[in-house]
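What follows is subunit A paired twice: with subunit B in the first complex and subunit C in the second.
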Partner chain A sequence: MPMREGIYGLIAEFDTPTELVQAAKAAYASGYRRMDCYTPYPLEEAAEAIGFDEPTEKGVARICLLGGLIGGCAMFSLESWVSIWAYPLNIAGRPLFSWPAFIVPAYEWTILFAGLSAAYGMLALNRLPAPYHPVFNAPNFRDGATTDKFFLCLEAADPKFSVSESRAFLESFRPVSVVEVDH
Partner chain B sequence: MSNEHGHHAKHLPADLSAPASVARWRNRALLVALVFALLAAADFYLHPSDLSLDYVLRGWLMGLIVCFSFAVGGMALLMVQHVSGGKWGLLIRRPLEAMSRTLPLVFLMFLPVAICVKRLYLWARISNPEEALHAGIINAIQAHAIAYKRPFLNIEGFWIRGIAYFAIWGTFIFILNRWSRQRDTDTQHGNWYWQKRFENLSGAGLLIYSITLTGASIDWVMSLDPTWYSSVYGLLFLVAQGYAALAMVILITLALSQDEPLKSIFRTTEQHDLGKLCFAFVMLNIYIAFSQYLIIWSGNLPEEIRWYMDRITGGWGYVIGLDFAFHWLLPFTLLLSRDIKRNKRRLAAVCCIMLFARFLDTFWLIAPNFADIHHNFHFSAELLQYIFVPAAMTGLWVAYMTHQLRQRPVVAINDPHLSEILEPEHAHA
Partner chain C sequence: MATNDVSPQDPVTNPGKNWMIDPKTGELRVLAPGQTFRSVTEKIARIVLTSQTPLGWLFGFVMAGGLIAMLLTAVAWLFLKGTGIWAITMPVAWGFAIVNFVWWIGIGHAGTLISAILLLFKQGWRNSINRFAEAMTLFAVVCAGMFPIIHTGRPWLAIYWLFPYPNTMNVWPQFRSPLMWDVFAVSTYATISVVFWYIGLIPDLGTMRDQAKSKFAKYIYGQMSLGWRGSARHWMRYESASLLLAGLATPLVLSVHTVISFDFAVAVLPGWHTTIFPPYFVAGAIYSGFAMVLTLAIPIRKFYGLEDIITMRHLDNMAKVMLATGSIVAYGYGMEVVMAWYSASRWEYFMFWNRMFGPMGWAYWVLIACNIVTPLTTLWSRKLRQNIAYLFAISLIVNTGMWFERFVIVVTSLYRDFLPSSWGTYRATRWDYMTYVGTLGLFTFLFFLFIRLLPMIPMSEIRMMLPQAKVKHEAELQTEAGD
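And then the complex of A and B:
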């Protein structure tokens, strides 16, 4: 793998979730988009602060809906095909296309496919599993990210990113530290 | 938790009494009740026919069932939130209590049904099934069912059970409301003392509620057709009642949150939770309704299937189609969206759809029981009584509920969840 130029980004360390969310909101407001928050436990507000609610970020919801629709239609079609064409049996004089009986399995498949596509879609969109991620190159990240520290990483891939200006921007929120992250 | 950036916990507003707008709702509701009562009277006098009074009574029964589901469903949800606990229940507690305290009005609405029981219920009108069968008034199945079910379906039993149900619900509502007021001012006992008291009462109350509600649903609605029975009917009614009461309490709470004191303490987090609960009720309702249909459709037995045939064929298909769309399809698809659950106006619109669905469904349950219209849904001037009378009764109910809402502070204090809902929304740490 060729060596990549420059750094992956700048990571700021905060002591409290409130400070992190404030910094993340300000970064989003001033135009940064390629960034991420890292917290020891799920923090919904951090996701909202970096634009999770924007329409472009609703990938998991769409994949889940699509999965559910595909699952429901697939099972309903399978049952219809079996009952009408493949094995047309007269059951108690009912029509071959007896849709009420098809609803329950179709419903179960809707749930199954929606659930699986939400879970796997989430993993895929997060590019997980990831055996390597550059943020672990920051020593303070390794120590604090899973215990009691809150991190905001502005990535160098963002067009607005510049090492000096972004560092000054992050430092204006009085973080514990701002560290350059190597690739 | 650092507060240096001004993220302080909010303070409870000093004045917790109901905002002045509640009095305006009362006036509006009374106006609606008056207009529809006049329309009902006009319809009754301008189109006299043999069935004029019958249709007024049928509309009255529908209005009773709807108002009853708000009052007693409100009591049931109140008990559920006492048993389950959780932040979501705190701000809807006072509206639920106000809804439950409308029971005396619902009892007054019940009296005309009990007095005119012979006009509404076939089993009450036929005193001698044998004779009626020979005279050709009823068929053999009806004659058999009425004679066989006589030990349960008789006028004395109808009255005694009806009064017993109201006495039981009234006792629970009285105690729940009394304790709630005592709790507000109590300084002697801790939160846990009250929490345990409410939990113990509500746990037993929910069990008794589900039994009495099953009885009431059989007496008042299912027995309109004495030949038919379904063992899931009580549960279906119970879920529908939760569905109606939840939609109503969310509408009340959203309307209250336009003004202080709720304006500053009703958070999107709790609103989102209530939206999710609506979604659960929408799913549970269709689940049970469809189970009943699927079982009866699969069995295809002549004594059961006729109930559905009365309600699907002869024009009733349009009614059940609309019922399905408003009861499940629309609220389900809308409530899938996170944004709709978190937006006040949109969630209120969904709740209105759900309430409309309850009216439509109650109509669909009641109206096709009568021989002049089953298998044959057609418009007549009398049919409008199914709109006028329930609308007038609901208007009156809303007016009385707002009167009850003004009697107490709209936020219950002395509760451990109070400090939680006063926190800023992103301070889950």
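And then the complex of A and C:
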């Protein structure tokens, strides 16, 4: 992998969700876009503050719907094909295409495929698994982000980013610390 | 709400016995007050990350391992000799295997109810018990799934009529049979339960990775957490995936026991051929499942000192759910009898008379005593619902009763059929008992592994419930500054 120049970004640590959301809102308002919040539990306000809105994005929901449709259609078609063409059986004189009986497995496969698509779709959209990520290089990140601290990372890829100005900007919110994150 | 007789007390000035009561609502608190993000995290993670394995755990684990050895013996002998070693023969061709299958899978349903249906209903209290109830689901499904598989006698030869795949004989399964529907219902249920459970675990595995001290634990939890880092964008997609999975698991769990009841209800047999079966099977499943959650939760919270997180409120609520589902089950029993009389069918009528007063009538009265009389007369009392020893006893009684319910449905509908010359009886063999008790061991073994290796309470969801987790709005901040 080619070495990347410079740093990944600046990460500020906060003690409370309220401070994090205030800082994130202010950063978004002053024009930062490439940034992310890291919280130990789902915090809707943090996502809204950085301009991310899952209900409008609907990525996971779309993938889930698509998966469900594929699963249901696939099973119903398989059942029909097996029962009509591949292996026709006369069960007490019922029609070969006895579709009401086929609904149950098709229903189960709708749920199976929709559920798997929701789970894998979520992972794919989140680019997980990702065993390595630069934010893990921040020394205070590992102990806090998954336990009791709230982080705001301004990324260096943002056009508005400059190490000194962004640091001053973050420090104006009185965080516990502001740390440079290496690639 | 029945909260009149409770006198709210301030936990700080008067830390009496009512400190678990919320002074604002007068109800029991879901979580004990005064906990921080770090304290709940460490409390839950420490159970797993400690290098000191409790002796009690080790003892239970070894005992359960012994039962697994018994299960393996019984299954090995079954594979050698065939299903003839069980008591099944004509007229009772379905015996313990089906009874245990339905019993186990019913137990599993409470886990899905807690993780999915209560999530959709925004029942915050479910968070404390959700993870291990779901683990219970998985292990119950493992035990349940074993029975139909070993009932085939030679499972490795049974694949072609269970799953549709192009085999060399060009034979395909028969999709009009409820037994075939069962294959899809149960396999989907097992898969979705695993996925839902694992997705729920990912953020907590991230916490475990960061809390672990040993390099090995860090590596294993790190790999399992898929590199979770708690990004706000990730959380939002994660939340919508969880909601979608809950929304999918809800109709799924209702369909699974419905399909299982079809195994019986679609047959034209007195005692089985009835339309009440699907709703009454689902209610019975949830009833027995909540009993099993109580059976597990009561000793665990005591053993690991988790009374602050799995509180009386949880036990009380679970007892209430049992009361509600138990009443539906009671209605089902009543309706069965009424329909047998109202149908004016001699066969239905005789079957019910035989079920109640025939040679195996005792089993019916055991089930009535365990499922209806004992719990449904006493659980109305709040005092008894909050008496831990009583709840534990009731949970065991209901589990016994629900096992007998399936026994009664399967055996007493079969052993005296239309033609008296073909009447028989059913007496389980030692292999039947060994297999059944062996699965209890397997279930316990898996559960012990789970509580030792994975966080049994969802830490991120508990953090979310703490009062300090809420973002304060500007108006609130200004009042605070004014103080």
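In this text, the second predicted complex is superposed on the first by the 162 of 183 C-alpha atoms of A that agree within 3 Å, B and C clash if a C-alpha of one lies under 4 Å from a C-alpha of the other, contacts with A are read in each partner's own complex, and residues count from 1 in each chain.
Note that a contact is a pair of C-beta atoms (placed from the backbone, for glycine too) under 8 Å apart; a residue touches a chain by one contact, two chains touch by 3 or more.
If you're wondering where the values come from, they're calculated on a predicted model, not measured in any experiment.
Participant: One more residue to check, A:Asp148. First (subunit B), second (subunit C), both or neither?
Facilitator: In the superposed model, A:Asp148 contacts subunit C only, not subunit B.
Participant: Could you say whether A:Val181 touches subunit B, subunit C, both of them, or neither, answering first, second, both or neither?
Facilitator: neither
Participant: On the superposed three-chain arrangement, identify whether subunit B or subunit C touches more subunit A residues.
Facilitator: C
Participant: Under the stated touch criterion, which partner chain does A:Leu43 make contact with: subunit B (first), subunit C (second), both, or neither?
Facilitator: After superposing on A, A:Leu43 lies in contact with both subunit B and subunit C.
Participant: Is A:Ala101 touching anything from subunit B or subunit C once the two structures are fitted on A? First, second, both or neither.
Facilitator: both
Participant: Considering only the touch criterion stated at the top, classify A:Thr16 as touching first (subunit B), second (subunit C), both, or neither.
Facilitator: It touches subunit B and subunit C both.
Participant: After superposition on the shared chain, which partner residues are touched by A:Leu125: those of subunit B (first), subunit C (second), both, or neither?
Facilitator: A:Leu125 contacts subunit C only, not subunit B.
Participant: Touching A:Ala86, do we find subunit B (first), subunit C (second), both, or neither?
Facilitator: Only subunit C is touched by A:Ala86; subunit B is not.
Participant: Share the list of subunit A residues that count as touching for subunit B in one structure and for subunit C in the other.
Facilitator: 16-18, 21, 43-45, 53, 61, 94, 101, 104
Participant: For the complex, which residues does subunit A have touching subunit C?
Facilitator: The touching residues are 16-18, 21, 36-47, 50, 52-55, 59-61, 64, 68, 75, 78-79, 82-83, 86-87, 89, 91, 94, 98, 101-102, 104-105, 107-109, 111-112, 114-116, 118-119, 121-123, 125-126, 128-133, 135-136, 141-143, 145-148.
Participant: Mind listing the subunit B positions that touch subunit A in their complex?
Facilitator: Residues of subunit B touching subunit A: 1-2, 5, 7, 290, 293-294, 297-298, 300, 336, 338-339, 425-429.
Participant: Show which residues of subunit A lie in contact with subunit B when the two form their complex.
Facilitator: Listed in rising order, the residues of subunit A that touch subunit B are 15-19, 21-22, 43-45, 53, 61, 65, 92, 94, 100-101, 103-104.
Participant: List the residues on subunit C that touch subunit A in their complex, please.
Facilitator: Per the touch definition, subunit C meets subunit A at residues 36-38, 41, 164, 170-176, 178, 180-181, 184-185, 188, 191-192, 195-196, 198-199, 202-203, 206-207, 209-211, 222-223, 226-241, 244-245, 248-249, 251-252, 255, 259, 262, 460-461, 463-464, 468-472, 477.
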